[in-house]
Amino acid sequence: MTAVSKRRKKPAGASPGSVVYVGAEKTTPVTVSCIQYSADRYEAPRIVSPKECRPVPSPSGVAWYTIDGVHDVEILKTIGENFGLHPLVVEDISNTTQRPKLEGFDGYYFLATKMITYDPRSSKLKSEHVSVVFGQGFVLLFLQDPGDLFAPIRNRLEAGKGKIRESGSDYLTYALVDAIVDYYFHVLEDIGDRIEQLEDEVVSQPTARTLRTIHHVKRELISLRRSIWPMREVVNAMIRDESPLISKGVKIFLRDLYDHTVHVIDSVETMRDLITGTLDIYLSSVSNRLNEVMKVLTVMSSIFIPLTFIVGVYGMNFQYMPELTWRWGYPAVWLFMIALSFVLLALFKRKKWM
Amino acid sequence: MTAVSKRRKKPAGASPGSVVYVGAEKTTPVTVSCIQYSADRYEAPRIVSPKECRPVPSPSGVAWYTIDGVHDVEILKTIGENFGLHPLVVEDISNTTQRPKLEGFDGYYFLATKMITYDPRSSKLKSEHVSVVFGQGFVLLFLQDPGDLFAPIRNRLEAGKGKIRESGSDYLTYALVDAIVDYYFHVLEDIGDRIEQLEDEVVSQPTARTLRTIHHVKRELISLRRSIWPMREVVNAMIRDESPLISKGVKIFLRDLYDHTVHVIDSVETMRDLITGTLDIYLSSVSNRLNEVMKVLTVMSSIFIPLTFIVGVYGMNFQYMPELTWRWGYPAVWLFMIALSFVLLALFKRKKWM
Amino acid sequence: MTAVSKRRKKPAGASPGSVVYVGAEKTTPVTVSCIQYSADRYEAPRIVSPKECRPVPSPSGVAWYTIDGVHDVEILKTIGENFGLHPLVVEDISNTTQRPKLEGFDGYYFLATKMITYDPRSSKLKSEHVSVVFGQGFVLLFLQDPGDLFAPIRNRLEAGKGKIRESGSDYLTYALVDAIVDYYFHVLEDIGDRIEQLEDEVVSQPTARTLRTIHHVKRELISLRRSIWPMREVVNAMIRDESPLISKGVKIFLRDLYDHTVHVIDSVETMRDLITGTLDIYLSSVSNRLNEVMKVLTVMSSIFIPLTFIVGVYGMNFQYMPELTWRWGYPAVWLFMIALSFVLLALFKRKKWM
Amino acid sequence: MTAVSKRRKKPAGASPGSVVYVGAEKTTPVTVSCIQYSADRYEAPRIVSPKECRPVPSPSGVAWYTIDGVHDVEILKTIGENFGLHPLVVEDISNTTQRPKLEGFDGYYFLATKMITYDPRSSKLKSEHVSVVFGQGFVLLFLQDPGDLFAPIRNRLEAGKGKIRESGSDYLTYALVDAIVDYYFHVLEDIGDRIEQLEDEVVSQPTARTLRTIHHVKRELISLRRSIWPMREVVNAMIRDESPLISKGVKIFLRDLYDHTVHVIDSVETMRDLITGTLDIYLSSVSNRLNEVMKVLTVMSSIFIPLTFIVGVYGMNFQYMPELTWRWGYPAVWLFMIALSFVLLALFKRKKWM
Amino acid sequence: MTAVSKRRKKPAGASPGSVVYVGAEKTTPVTVSCIQYSADRYEAPRIVSPKECRPVPSPSGVAWYTIDGVHDVEILKTIGENFGLHPLVVEDISNTTQRPKLEGFDGYYFLATKMITYDPRSSKLKSEHVSVVFGQGFVLLFLQDPGDLFAPIRNRLEAGKGKIRESGSDYLTYALVDAIVDYYFHVLEDIGDRIEQLEDEVVSQPTARTLRTIHHVKRELISLRRSIWPMREVVNAMIRDESPLISKGVKIFLRDLYDHTVHVIDSVETMRDLITGTLDIYLSSVSNRLNEVMKVLTVMSSIFIPLTFIVGVYGMNFQYMPELTWRWGYPAVWLFMIALSFVLLALFKRKKWM
């Protein structure tokens, strides 16, 4: 998950609109692939050069360009010029710390989102910056890292199933964002499982590691929350939009997507409540254990301290101690001490300390 | 209660509108029953095939179809086609994790709610997904599990009492949702009783089990809250709706229903406050007990530690210890020790440690 | 105070508008009394039969009916029919768990409120359900229990002082609600006194009983808050209302009443803050006391444990222990032990443990 | 600071608009003083009788009446009649528990505020009820206690500096409220100093008194917050007002005043955050100290308990204990015990308990 | 960072609009420098006298005046008169405790912001009051302390890169505020790094110093939050403004700036959540350590206390103690004690206390 303190490499005071990549440094080459389709046509993905990534003159269908990598600033600038994008849009595409947002411009929309996936190497959540620019007949998809998350959409396009081939770039944008939001559910399931595990652990065997795990899950939920809240705004803004770029038919689907983002938010908030409850139980469990330990100490001390005093008394070396010479002095002391122990034990039992 | 991390079986990126059942797996057959009524007519429930579940050509009354089970995707699709439902609606009917919502379409409304009941087997809350689709002359009621919750409504229909026979599908929908919301009160009563019991328990005899019960009730309240909050939105949206499908007369009843949902929300929030207070008392009780135990330890130790030291002194084997040879040395030591004990006890009493 | 889990006797799924009394069971007879007045006339209260409780044909003044008891469903139904009340209104009058609300109907308003009084028998707060129905020339006041809270209003009517005789049913309604809200101040004063007492107690002598009292006051504040928040909405709705039933002159008084409800809410919230602060101090006080006890234990143990060890050394029975035969061995040990005690005491003093 | 539970002497159910003084009882006589000024004229303050306190027939300037005391109900009524004030306004003037509010009437505005000052006798905050009524050509200032807070305004009037002489009653009202809000800054500075002092104290030397001071400051902030929040509403309402009584030029000053009230609110909220943080540190400091004490006890006990056991062993009186007769038995035991101590000390050091 | 309780030197009740410097006392001379530029012209910064700081008669470009110091009241007054600024604006410029705000006047805007920088001397955050006044053809920048934060903007102006030379005073104002907001990111990075360090520290080695650092970071976040929240309002007000002084082209950049302020707010809130979590872990870690210490004490005490009692028994001096004369008495006692130790150890192990 992106650290909260991610370094923004752009120097403070730099010219706005200056395109600077601010994510981790990378040297992998950036490829641009293109899929063209319409209701009755589908061209399989092919690699194109950044220069070829430009609006199709008279689009009868949709051209979907995927740019897998935002660290090559020159390529972004070339594409930005081809499509006439505002310099701030190109800056936001390369800024991997950009919050989700929707911005409307003349002839196109810019949409920034966060994709959450599991990083198998570090077993941590990974937040990826995904930008979409869409207009009449084209969709530009900018990915921070290459990945195959959107394969099902390509398959649906190829198979020609569902509404996707007959619809325009607005529906494709919806399908892309829907796929991203669906991934949140996978991540939430995983976190939900870990919370259930933690709830068992805090009761049965709370350790310092449990506490760290609770805090770790809490951090992940804070990060998720931070990504999904603005997403809701984004989808809502698309629904309320009145430009012809988003058709009425697609808005029904966006309403459904909005519902999903609310569901995610709801789950995140519920999980935050649950993890807070788990922390409470953890602290109580730890304190209960201390309690139990203290009680044993008290009971043992409280019984043996008077007994030790008694045997100390008869260890004194006074010349005139009549008890020491009694025939039954020793057994009598034993009897007295045993009786005392029972009295004390009964007392503690009655006070429910045992 | 539905786990927060309920697995959504639908693969991420699947086509929207694809109908996939996501609840627990089931093999029980799904039955569709139909009741037809109007002001002067009532046909008792009869089982119909999914194909027969279709709009009545010229409805003079209301046809109420109950589909008890949403795990048979084919049946849902058939019914969806018969009534011309949007694919997303059919998807939401089969998605048992769907949040409560109201969506208006041309000619019909889709309403998703959560029914909360007690599962007698596990003595846990059970959240059931209930969907209602209503339009001119028909109501489709989709239940996750078969159940007889709505028997009183059938009885009222049969008896012809109240407004229900003269009213349309909007009133029946209201009656169904009202029955569901009424069940929340039953569940709340039960939780309220348990909270009162807990409040006694935390004061008289707090155990680790008490803490778990507190957390359990807290979880249930979080779940209830999650179900009922969107319900308020649903009812409010119905009241504010301006389509002819919901008549003005029914809106007076919906206003009353809205009031009930606010009442439920209010009770849930109050109970959350109370259970938090209970947790505070629990923690204080536990700490008070520790306190009491510590005080006894202190008092016993603080009295016997000096005494044990004194008897240790006279247990030393020095050749020249004048006290050991005194005639009244032994009784004098006893007197001194008894006096010391009383002084210490008085001191502790004054400091209110006893 | 009404328990949160008050049993709603109405079976779930019962017909809406069915009038069912849901409070504690009662058998006392319900009486209906009537006061009629106008600017120049005042008829003393007289008992009327439920059938006589009906709109006066051509009202020149106001007819104020008080129905003291809502457990006799038949009487409520009769009156409801006489005044043409909606069945839901009659249901809400008999439902003592009804939240405060205002509902406008053709020709009359329905207003549900909660009256808070002290129950002298249980020294607990008692929440009473009070409903008012008012229209042109009549006010119906439904009380859960007979009581003389509104005597000052009757006196003002009789004396003809103030605006009350010249004004209509809207002003009388305002006067009734104002009297109810004024009672909240009395209850708040009492709670405020108890909080001040608690604040002294937690510092001087915190006991387990103190904790229970804190929790009890917290509960009462939660209940008060629950009653007064919707009251604000009710008064606000009356001010914003544009029907001729509420005159402009009365709205100035309602604005003042609104101010009072805000004042009550404000005080309740402030008291919640204070009681939370009291709980914090309680917990700290308890922990401070434990701290003090622990310190004494530590000091005593830490001084006597080494001393006891020393005397133990010279209690050993080795044949070759040169010290035992020294002439000044015994006094030397005493000197050493006294010196050690002072060193340890000085050390603890410097560390501020004493 | 006014207690939250201040007794409202007015009996519940009393006629609204009945003027009853509800503050602490007082017998000091109430004086009314009058200042008249216009752009080119200034009459020094003179004492007038309540009857003379009436609108000036054709005002060319402003008449500023100061009534220092609201406990003489008759005087308030007389003035109220002279200026044609609504009975509720006169009631609110005498009600010292009234929350800040602004109410517009025909021809005049009523403004209730709270002045916060330090009471030198009790070194506590004192909240004073200040009411202002202003209209064309007059300002009535009602003070709960006589005081010289507004002397700088009189001086500015006399000196004729600034805009004040040329402006109307709206500017004078602004100047009065501005002076009151400025006093909040003085009080906040003082509280801020005390918080800084507390922050040092909780770290260096936390005592039970520190806790009480924290709670005391918290209470004061709660009271301040309660007074200043509605003040913001009041100023905002004056800015948004569209009557000719508040001129556009004065609104620029009111905007500035609004800014000041927001600044006060902001500071109060920040201080609440800080004082809560201080409480956290206090609790941690106390627990840290307990921790340290516990550690010393553990280390001493854990070292001396085994040693005491060892010397006890050789204090046993068995006839056949070979060690007792060894030549080097005694030194060997000493050596062993010293070695054991060092081993234990090293162990504790490694575990970082020392 | 400005203390919350910063002393406002202006006496309460002073005339509004009176210009009083309220920051730390300073004697450094205030310099005014001027940069003039248009699309095709750029004049390097030159020092001008306060009198020369006045609107350019017929501005073809922009005159940017930087006043580095607000403690010389006379200079501020002179400039204020030259540009016809409202007295309240000049007062707010000199008031270094002024909250960020935007105020529109005829012909110019006044904008107050807070610049956050690191003070290298005290390694603390420093909040600096920065005011901007801009109108047709001029920008006045008032700095509390001289500094070179805006050098990059001067460089861009000189180089003629970007839009800055072709744009008006609105764009320059945007660029100045953008540079200030960018500095927040630097500060946040630094705080983020410290939080990560703290998160490691609380787990590995929590000390009292850790707690103080946590509190210190918390304070800094509270201060940051206080500065940035009103900033969002300021930028939002500029976007929504409809005067010709802010052009449509600049509003696109302001939207981007708004986005940045939301990002800062978001990060501050997230960090507050994280630091709270860190505090929780700290407290748990400390309590865990105490727990561990207690367990060792219990185990050692619980084993040695019975053993010491046993050896005490055989240290008694009774004449008739048969065991003392047994041949194998001494080894038998040793065996018994060793066995007892193992039994107790096994018991503690089973209870998971070790």
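Observations on the structure shown:
We just call them A, B, C, D and E in the order they show up, numbering each chain from 1.
In this section, a contact is a pair of C-beta atoms (placed from the backbone, for glycine too) under 8 Å apart; a residue touches a chain by one contact, two chains touch by 3 or more.
Please read all numbers here as calculations on a predicted model, not as lab measurements.
Touch-path distance (fewest steps) from subunit A to subunit D is 2.
Summary of the copy comparison: rotating subunit C onto subunit E for the best CA superposition needs 145 degrees, to the nearest 5. Where the sister copies subunit A and subunit E meet, the same residue numbers recur on both sides for under half of the interface positions.
A separation of 26 Å divides the Cα centre of subunit B from that of subunit C. If you average the CA atoms of subunit B and of subunit D, the two centres end up 42 Å from each other.
Subunit D has residues 287, 290, 294, 297, 301, 305, 308, 312, 315-317, 321 in contact with two or more other chains. Taken in their complex, subunit B has these residues touching subunit A: 3-8, 10-18, 86, 88, 92, 97, 99, 101, 103, 205, 208, 211-212, 215, 218-219, 222-223, 226, 279, 282-283, 286-287, 289-290, 292-294, 296-297, 300-301, 304-305, 307-308, 311-312, 314-317, 321, 323-330, 333.
Partner subunit B is touched in their complex by these residues of subunit A: 149-153, 156, 161-164, 174-175, 178-179, 182-183, 185-186, 188-193, 195-196, 199, 203, 252-253, 255-256, 259, 262-263, 266-267, 270-271, 273-274, 277, 280-281, 284-285, 287-288, 290-291, 294-295, 297-298, 301-302, 305-306, 308-309, 312-313, 315-321, 351-353.
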